[in-house]
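A, B and C are the chain letters, set down in written order, and residue numbers restart from 1 in every chain.
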Amino acid sequence: MNDPTEGSVREEVRTWLADNWDPNLSLVDWRNKLADSGWGVPGWPKQWYGRDLHAVLASTVEEEFAAINAVGVARTGIRMLAAATILEHGTDVHKKKFLRRILTGEDTWCQLFSEPGSGSDLAGATTRADYDGEKWIINGQKVWTTSAHHADYGLLLARTDWDLPKHQGLTYFILNMKQPGVDVHQLRQMNGHASFNQVFFTDAQIAPQYQVDEKGAGWKVAMTTLAHERRGAGGLGRANHDSGLTGPIYEEERKEIATVMEPYKWYPQRAGRVDLALPRARETGRIEDANVRQEIAKLLIMSKSAGWTAQRARAAQEQGMPQGPEGSLSKLAASNVARQASRVHTLISGADALLTGSDGAMDGVIAEILVSVPATSIAGGTDEIQRNIIAERVLGMEKEPRFDTGPFKDVPKNVT
Amino acid sequence: MNFEFSEEQNLLREQAGGFLGDHCSTKVVRKILDGEESYDQELWAKVVEMGWTATVIPEEFDGLGLSYLELSVIAEELGRAFAPLPFSSSVYLATEALIAAGSNGQKEEWLPKLAAGSAIGCFAVGEGTGQATPKSLTTSADGNGVSGSKIPVADGDIADFVVVIAACASGDGASAYLVDLNQASVSREKVNTIDPSRSHAKLDFSSASAELLGNEGEGWALLQKIYDRAAVLFAWEQVGGAEAALEMAKEYAMGRFAFGRPIATYQAIKHKLANMYVKNTLAKSNCYYGAWALSTDAAELPIAAATARVAAIQAYYFASKENIQTHGGMGFTWEFDCQFPYRRSKLLSVNIGSEATWQEKLIKAIEEDQAA
Amino acid sequence: MQFTFTGEQHQFRDVVKRFLRDKSPATEVRRLMETDEGFDPVVWKQLSEELALPALPVPEIFGGAGFGFVELSIVMEEMGRSLLCAPYFSSAVLAVSAILNAGTENQKQSLLPQIASGSIRATLAMTESNGRWDASAVELVAQVEKDHFVLRGEKSFVVDGHTADLLIVVARLEGSEGDNGISFCSVDGDAPGIEKTLLRTMDPTRKLARLDFNGVRAQPLGEPGAGFHALNKTLDQAAIALSNEMVGGAQFLMDSAIEYSKIRVQFGRVIGSFQAIKHKCADMLIQLELAKSAAYYAAAAVDAGDSCLPALASMAKSAASDAYMQIAAECIQIHGGIGFTWDQDTHLWFKRAKSSEVFLGDPAYHRELVMQRWEEGI
């Protein structure tokens, strides 16, 4: 058979969709068809629910799905990171047991990496996995875990050897979240929302076959997961949630997405709501104030420039050019924008910025900006860590001297 | 100006700090933040017992007749403890208004009660969106009393009386009115604010019986005078809070390890703390200047008050946000205490006029000073 | 809108960069800044003849090379990086833009070919001693006589005004005020009645002059009294070109600071391994890249005929001005005491940053323009 071309793929998927797409199917039934046919994840290997298609051709398939509003595989949460990690490092047992139910949305996954004592310093994890001759016994605590309260499985990074340097003593596991030794508690943020969980392990168990890759290879495997996260493999994919489409399958998909999105309602506020600066300044009359005008202009310029910088990075990437510095700046730039936005909203609003909830300006949105912005410079790597990364990897500056290269048990660490 | 706090005043600071350390831990603050209560009544009773509410009230009205330096010392410590009390409303604003403009009868009626803590006063100017001006006031007085709405009024839900700035009966300018809150023609409704450890309300007046406080038409001038005085005391509270935020950040940074070292050994953190310290110290110097001007009734008070207020707003906000950043993700959680200084700094940065308002006042005061 | 440079544009940049590296090392900048003329005629001839840089923005029908504003901006960025002392900004940007925006076809035909070839150097005289950059601030009066103007008044802060062969002057018709009556005209640099004074400014790398017009005969450029829009467009384009020059200079300073931090040792470590320095550099990079994005986007917007150009120009100008100044200050800080010495080159760029910051209007002025233009809806 000839290599597939854009034309041949387009035709093939069109025909298949014409024969099979049915908005009256249940979500799971339809997605099982996608898994069987390989059209749900055409970039995956043929033997595991895919068609071995190149990324460009895979996006052709996606276009055809979009053209007729056909629902795709489940993409919510971190399931696609789990899948990518399993495809790269997992055994056939893992693939057989987990991949299909990831695609159909029947299983939900969470990522158990960060700990109260190791956020920026992820490899400093102290959650322990001890082998008792038959199974791994897990004890410790994870934090910032999205969706842990309804997850079926977790990707766990745990310490299996305390005598080795910290990166070498970690092992990667798949943990069944629905077991007695796993306790999930919601973690409430200072803005009142609870987007994350804390997960406590007390003699939780993992059968040896759910170790991923070698013992001690945990850091390497975790890097795979994180690389996919940075590439944006997680997230919603093409979402029909506000498309206005009707039909049972769309309802089901909408519900699936709404459940996952619920804890993130405040994220636009976290980013500062630049869009509200001008309308609020007009509404309050503060638009007349010369100082307010200067601060709003600074915000608009910063925010526009950050947008253009992201577009430059994307354009360079599309042209296959090596990534320039513009690609590594978006997170810090977003922090700067959010901080300036918070400043502007404070300047614009007088005492009424204090009022929250239904008493507050714009139903409390303004006050929510003020209490949410501090998260921007922390979540997903603090500004300080971002600056280190930029200075060391982009500008080529020398690294800090290290104090944590010896056996992990001797490294000074947080008492948890 | 050149002063240091006296030995007695420093002793008072130690005593106040120790007392609040014992009775106003962050657990107490959290109880009010999370609960339905508007303020900590037990703590309030103890604070009254210590005589703090009576500090500057003249002895003839059952006060202690102490100076504003003593009150500054108390303010700083209350700020440091994020005390969930109606102290600022009752002492810095309502008491000051009565001392400044009350008739002898009004003073006799209210000051002893304020001193004894049996009455709590509050102060109402703002009416929602935008900065209030004499022209923007919709709350007004006529022969039948005061009508209109005020929001947000700090401690308006629990106070016994309020000093209201309203358009005056003659329709010319603003006047201050004393309104007893325990009357049927006032309704009050608690409102939610960014700092739930301090309660706020919306007050609705419908022909509420009111007494003129000071002269008709002089309400706006009185307000400026009260704000100048209160600004110094608020600034001390802010500086106290800023120092608490720095202390919190320092303690955490010295005990928190990342990559095998305490994070305090990283320059990023070290310099953050140093910047907090510099801002706090400068703000505090301005507060000293303000306290001196306030305690001596100096002509420089408007300049000193505005300088202290602006510096304190900036220092507190900076310290409280960098404290969160120093704590990382956990600093943003509900269970950590970083939210107390952050919320309080936001509250105190606008409650008697925003940073921009005070910058404007500062510039005006300097211009007037130079013209004189 | 174009978000990356094409392969040809990259190659073009390399050629310009190599040329400037040879012709405008810091030693040359130091030599030329001490002279009154402020440029080297030999280098001017080379960049005109070998690289045809003055021809770049001039359409082919007027004897130019007909490149876009993006290419012009590439040249400006590289000249900013090397701090070239030459009348390129005055002649190829300010004067050419003014002639293209204001002139008639015939006037373009008669003026542009010589500017494109570099055989004459022109400049634009717009602002006056009031230092304002809006049309209403123009006070120099053009009295209309049959087919020519008679100019009376003064112009100040005229880039290369004391050496230019041709002056494009912005005047106003007698009795007009505000945005009305704005008129462009051209006059020979050595026309009788012009008194030229080289201004002593803090940035000796770009020369500014004051010109007094005592009844000077000048040729109208375009319709007399109808120059308002041409003036605004010229100022917008000039701001964009200058922004690109500024990000080039800022890049040079940032590179030099980072390079220094990698070799300077204190407490047994290179200073670049300390977070205080690292984080400063990371912050410089962000500010620079954001300013570059604004400057590049605005340049591409000129070529695309974007109707938002005025707002984009003001955004670029304020972003680039702030970035250049901030980076110049940090660069001195990172160099420590040596950064403040005469022998170290940083101050040369620092001074250019300062003079560029205020030329065509300071960042606060442009932020206010952004607001006005934004409110109109861009």
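FYI, a contact is a pair of C-beta atoms (placed from the backbone, for glycine too) under 8 Å apart; a residue touches a chain by one contact, two chains touch by 3 or more.
In this text, all values refer to a predicted model and were calculated from it rather than measured experimentally.
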item	value
Chain pair with the higher count of C-beta pairs in contact (A-B, B-C)	A-B
Nearest-to-centre chain - CA centroid comparison	A
For chain A paired with chain B, centre-to-centre distance based on mean C-alpha positions, whole Å	43
Chain centre separation (chain B, chain C; CA means) in Å	52
Multi-chain contact residues (two or more partners), chain B	266, 268
Where chain A touches two or more other chains at once, by residue number	384, 387-388, 400
For chain C, residues contacting two or more additional chains	275, 279
Chain A to chain B touching residues, read off their complex	114, 116-121, 124, 143-144, 187-190, 192, 283-286, 289, 291-292, 346-347, 349-361, 364, 367, 370-371, 374-375, 377-379, 382-384, 387-388, 400, 402-404, 411-414
Residues of chain B that touch chain A when the two form their complex	126, 128-131, 151-152, 191-195, 200, 202, 255-262, 266, 268-269, 321, 324-325, 328-336, 338-339, 342-343, 346-347, 349-351, 354-357
List of chain A residues in touch with chain C within their complex	278, 287, 290, 293-294, 296-298, 300-302, 304-306, 308-309, 311-312, 314-316, 319, 321, 325-326, 329, 332-333, 336, 384, 386-388, 390-392, 394-401
In the complex with chain C, residue positions of chain B that touch it	266-268, 271
Chain C - residues contacting chain B, complex	274-276, 279
